[in-house]
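Paired with chain B in one complex and with chain C in the other, chain A is shared by the two complexes that follow.
== the complex of A and B ==
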């Protein structure tokens, strides 16, 4: 090979996007080898190629886009609702001792009743509907948001608040200029945890409540014994979380808390 | 009454760990005239910071009162600017935004407050660092920002709480000279709290020496050293040396006050643009990864929607023209390129009643006319026919 070709090849392989894919390529290769060795029956242990074909088929039939859209929309709605309710409640608990004494026991109590534990009664109340799924999701997202926001508010250094006050900031300005940005590292942690738990709760709820969504697709595949679709669903779950991290959470962190030096950059 | 008047100030607080009341400050009376530089000197834990916090309005006194230019102090306010030992800069604001903070709170328009802030940034010698964030500055530079932030707000009284205690010795000396220079230039009224004898003598016009807990005024010393004061001149000065020795005797402190260790200045990465002004927030957003990703997603989604719209027209060859009225329903045969599955039947049921399926089609009855296009927009729909025009199946 010519040196320039080698160089191009090296540049291509050294691309960050490919470096991120490197570990996965290894796993896929291993999977392909095990599948080709036919240690397990093909129907139980399909090869990567079969999963890819199933992906193409489900895409062309319009099933996969619709289900992914349903799941992601539900997650976005849950995250939005959890943010809108969780952050203000977290601020209230973090700022006011009275509301802390009132809300904290309630928050602790209801947090212990896990998302899935609500499903039986929700199925009686709302039936196998979207309301049930949304309830479970919002419920799951909201608690990490409350906890981390309250923690974030309390971890803003007192002197920073005092500095703002002695520069003439009103309580509302202190909230906007100091407490909210100061609590942001914890709020983002809360969002990350909330979305992570929410993603899992959503799939669980879709499996049980199921009318659409990735969870439903995976559980529905069990009826037809389609292991390919189950594996495809699992892969999609991971990929979608990867996308949420890379396109939403990481840029948010890089633009705020890392830029301000509140946390060290990850890499 | 001009200046700061402290009358019979006492602070008693409850120490929950010791389970007892502690008298931090006892019966302190003090007057500071306008344009005066007064240092409060005392060993660690003598209540000097408590005293300053009461003057700043952060904590209420147990007894006594504090008046600033005749007004009673009840809480923190912009008439008293505070420089903290921990700097207390806002990490999410640039140097410029930090210095302009007080002016922003006063409601000054942006160009005006940035002009004033730049002036004070220059005064403390930080030109060129306007758009840096605090974590990209060394400790000494950060405290210059802290001083500029207070000066820019033009307070009636400047309170400094061991401001140079957490920077290294060389930086501390140059910061002290800077502060002396600024005071000689502008004569702000300063109440300066420190445990450092040399610092107090070097900077102040008067040094107030407090006793160890409870903090009472032990002595007030005039400092007759001429200005401008520079370390280079004073270190050899006999008056200065005698004063320092005298103050040491007065303090007779059994334990040497602990001095915080200087933290090394954090290495800034990535290196930020310093001199050039920031781009507007939306241009920064579009330049970010999130912004670019959103842009690509939105452009892609728009293209895709356009393509679906274009395809939808070709799937309904003209038959809609016959149904001029927007109301009414139609029975359709929805053709698919593959045998219909449960998903497709469930989806199509949202538009009408599914009366049957064929090998590559679904019979859909009573579809409202305005919704036919929605069906045509599904990319997995190959074509739509009125059921009357569809080939009849053998019974």
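== the complex of A and C ==
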């Protein structure tokens, strides 16, 4: 019985269309069964259907698209700002051994002051506004970017730089043709880490500062005790990260790691 | 190795590490001095030092730190104890592993913070909710990495152990666990990074003790010196936890059992 069951499962899983979706269908089915058995009170543990209904209702009211757009826009702005500021800073720190030794402990320390720890003082400075949320997000993205860019620049072998120099490359060409390509795999890792932390910081900031966005929707649902919307928010968060991962990070990684770097296990 | 030269090098390393912070303190002190920022907006280093003394004197500070560390320790231990055996069990069968991996990726994205609303509803405001949040932050990432580690062990190694007469238990203890250990440790480190941030967020929302609570309480009274003190403590504690505890363990495991991989 067991081997044939496993084989059927295996065949099912091998189908490309089901490769990703199959396991989720199982989880949803299990969820539906547990909800139908009413082991937990309905108010605490809604069924998949209820969540789907809530999704439809919020979509038709236009609340959900607006909130998703708010959250995604914020993440994009944070990522852009983090990249524009973080990469040059990373290069500045990584290029000279002295500046690297000096700034490294500071970068480490400021990265360790978890994004959310900034919220209280930011709330004093900017109040419950979008500035606070943006600040937290940009801060969260910048430090992994600096950290990994500097690491990447440092990891370019000295012989490569010397080889380019001895072939007559100007400093600008060394930067453009040796250092930047050499550091790119690390920079992409930095972007992945930064976005991962930034995504969570954004949710926390939206929960606490609360003006709009998916985090806000979830906390608003908490206030009115609507579990359905909380779970909907969680599902959306997971799906959105899948989208960011599949459409932004993976292609970037494939483009850079395949071309210039080593293959690394994805985390 | 030992001797004056070693001592000299060690001293130089320490100086290089401390110097940036001394400069930072100087800049901070001068900036507050010159710009005359009111204490309600930003404190001077002296104010923070005073706040530290006052808080340490009443014992409130230790109580908050203790509360935060205890939650992280309990949540993380529970998560590690649950996720490693489960991960090994799932990882030994490739079909089951393939089935679980996408789901685990999904849940490891939700790590920590996204559970706050639901956790406070299920467990109320307090210890249960926060432990649940930390548990989730660590559990799914460690589970995911354990499975990744076990499935990445070449089948040849298992077969070799079996053909040399190892029983299932020996294969588990001497092949699967050591082989997966580098991944497991990396997972624990990443998970704790998320757990620490999730903890601060959860304490802001859902409790009446801990560093996050201290920060948010101070905000209500515009006590910026206490806020900055809390931020520094959160940073210092994490550096200690990550660099002095987790990073060395990770390095040793990878040196001993794994392939060198870039550490994020």
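Here is the rule we use: the second predicted complex is superposed on the first by the 240 of 267 C-alpha atoms of A that agree within 3 Å, B and C clash if a C-alpha of one lies under 4 Å from a C-alpha of the other, contacts with A are read in each partner's own complex, and residues count from 1 in each chain.
One rule holds in what follows: contacts are C-beta pairs under 8 Å (C-beta built on N, C-alpha and C of every residue); 3 or more make two chains touch, one makes a residue touch a chain.
Not measured: the values here are computed from a predicted model.
Undergrad: Please work out whether A:204 is in contact with chain B alone, chain C alone, both, or neither, and reply first, second, both or neither.
TA: second
Undergrad: After lining up the shared chain so the two structures overlap, which partner does A:72 touch, if you call chain B first and chain C second: first, second, both or neither?
TA: neither
Undergrad: In the overlay, answer first, second, both or neither for which of chain B and chain C A:28 touches.
TA: A:28 sits against neither chain B nor chain C.
Undergrad: Give one of first, second, both or neither to describe whether A:219 is in contact with chain B, with chain C, with both, or with none.
TA: After superposing on A, A:219 lies in contact with chain C but is clear of chain B.
Undergrad: Look at A:130 in the shared chain and tell me whether it touches chain B only, chain C only, both, or neither; answer first, second, both or neither.
TA: After superposition on chain A, A:130 lies in contact with neither partner.
Undergrad: Quick one: classify A:175 as touching chain B (first), chain C (second), both or neither.
TA: A:175 sits against neither chain B nor chain C.
Undergrad: With both complexes superposed on chain A, which partner does A:230 reach: first (chain B), second (chain C), both or neither?
TA: Second partner only, chain C.
Undergrad: By residue count, which of the two partners contacts chain A more extensively, chain B or chain C?
TA: With both complexes superposed on chain A, more residues of chain A are touched by C.
Undergrad: Looking at chain A, which of its residues have contacts with both chain B and chain C?
TA: Residues 265, which sit in both footprints.
Undergrad: Show me the residue ranges of chain C that touch chain A in the complex, using the header's touch definition.
TA: Against chain A, chain C makes touches at 16-17, 19-21, 23-24, 40-42, 93, 95, 98-103, 105-107, 109-118, 120-122, 145, 148, 152, 183, 186, 190, 194, 196-198, 200-201, 204-205, 212, 215-216, 218-219, 222, 224, 227-228, 230-232, 234-236, 238-239, 242-243, 261-262, 264.
Undergrad: What does chain A use to touch chain B in their complex?
TA: My answer: residues 60-63, 66, 157, 159-160, 162-170, 173, 177-178, 181-182, 184, 247-248, 250-252, 254-256, 259-262, 265.
Undergrad: List the residues on chain B that touch chain A in their complex, please.
TA: Checking each residue of chain B against chain A gives 56-58, 75-78, 80-82, 84, 86, 88-92, 101-102, 105-106, 133-136, 149-150, 153, 159, 266, 269, 288-290, 293, 337-338, 341, 343-344, 347, 378-380.
Undergrad: Which of the residues in chain A end up touching chain C in this complex?
TA: 6, 9-10, 13, 20, 22-24, 26-27, 44, 101-106, 108-110, 112-121, 123-125, 144, 148, 151, 186, 189, 193, 197, 199-201, 203-204, 207-208, 218-219, 221-222, 225, 227, 230-231, 233-234, 237-238, 241-242, 264-265, 267
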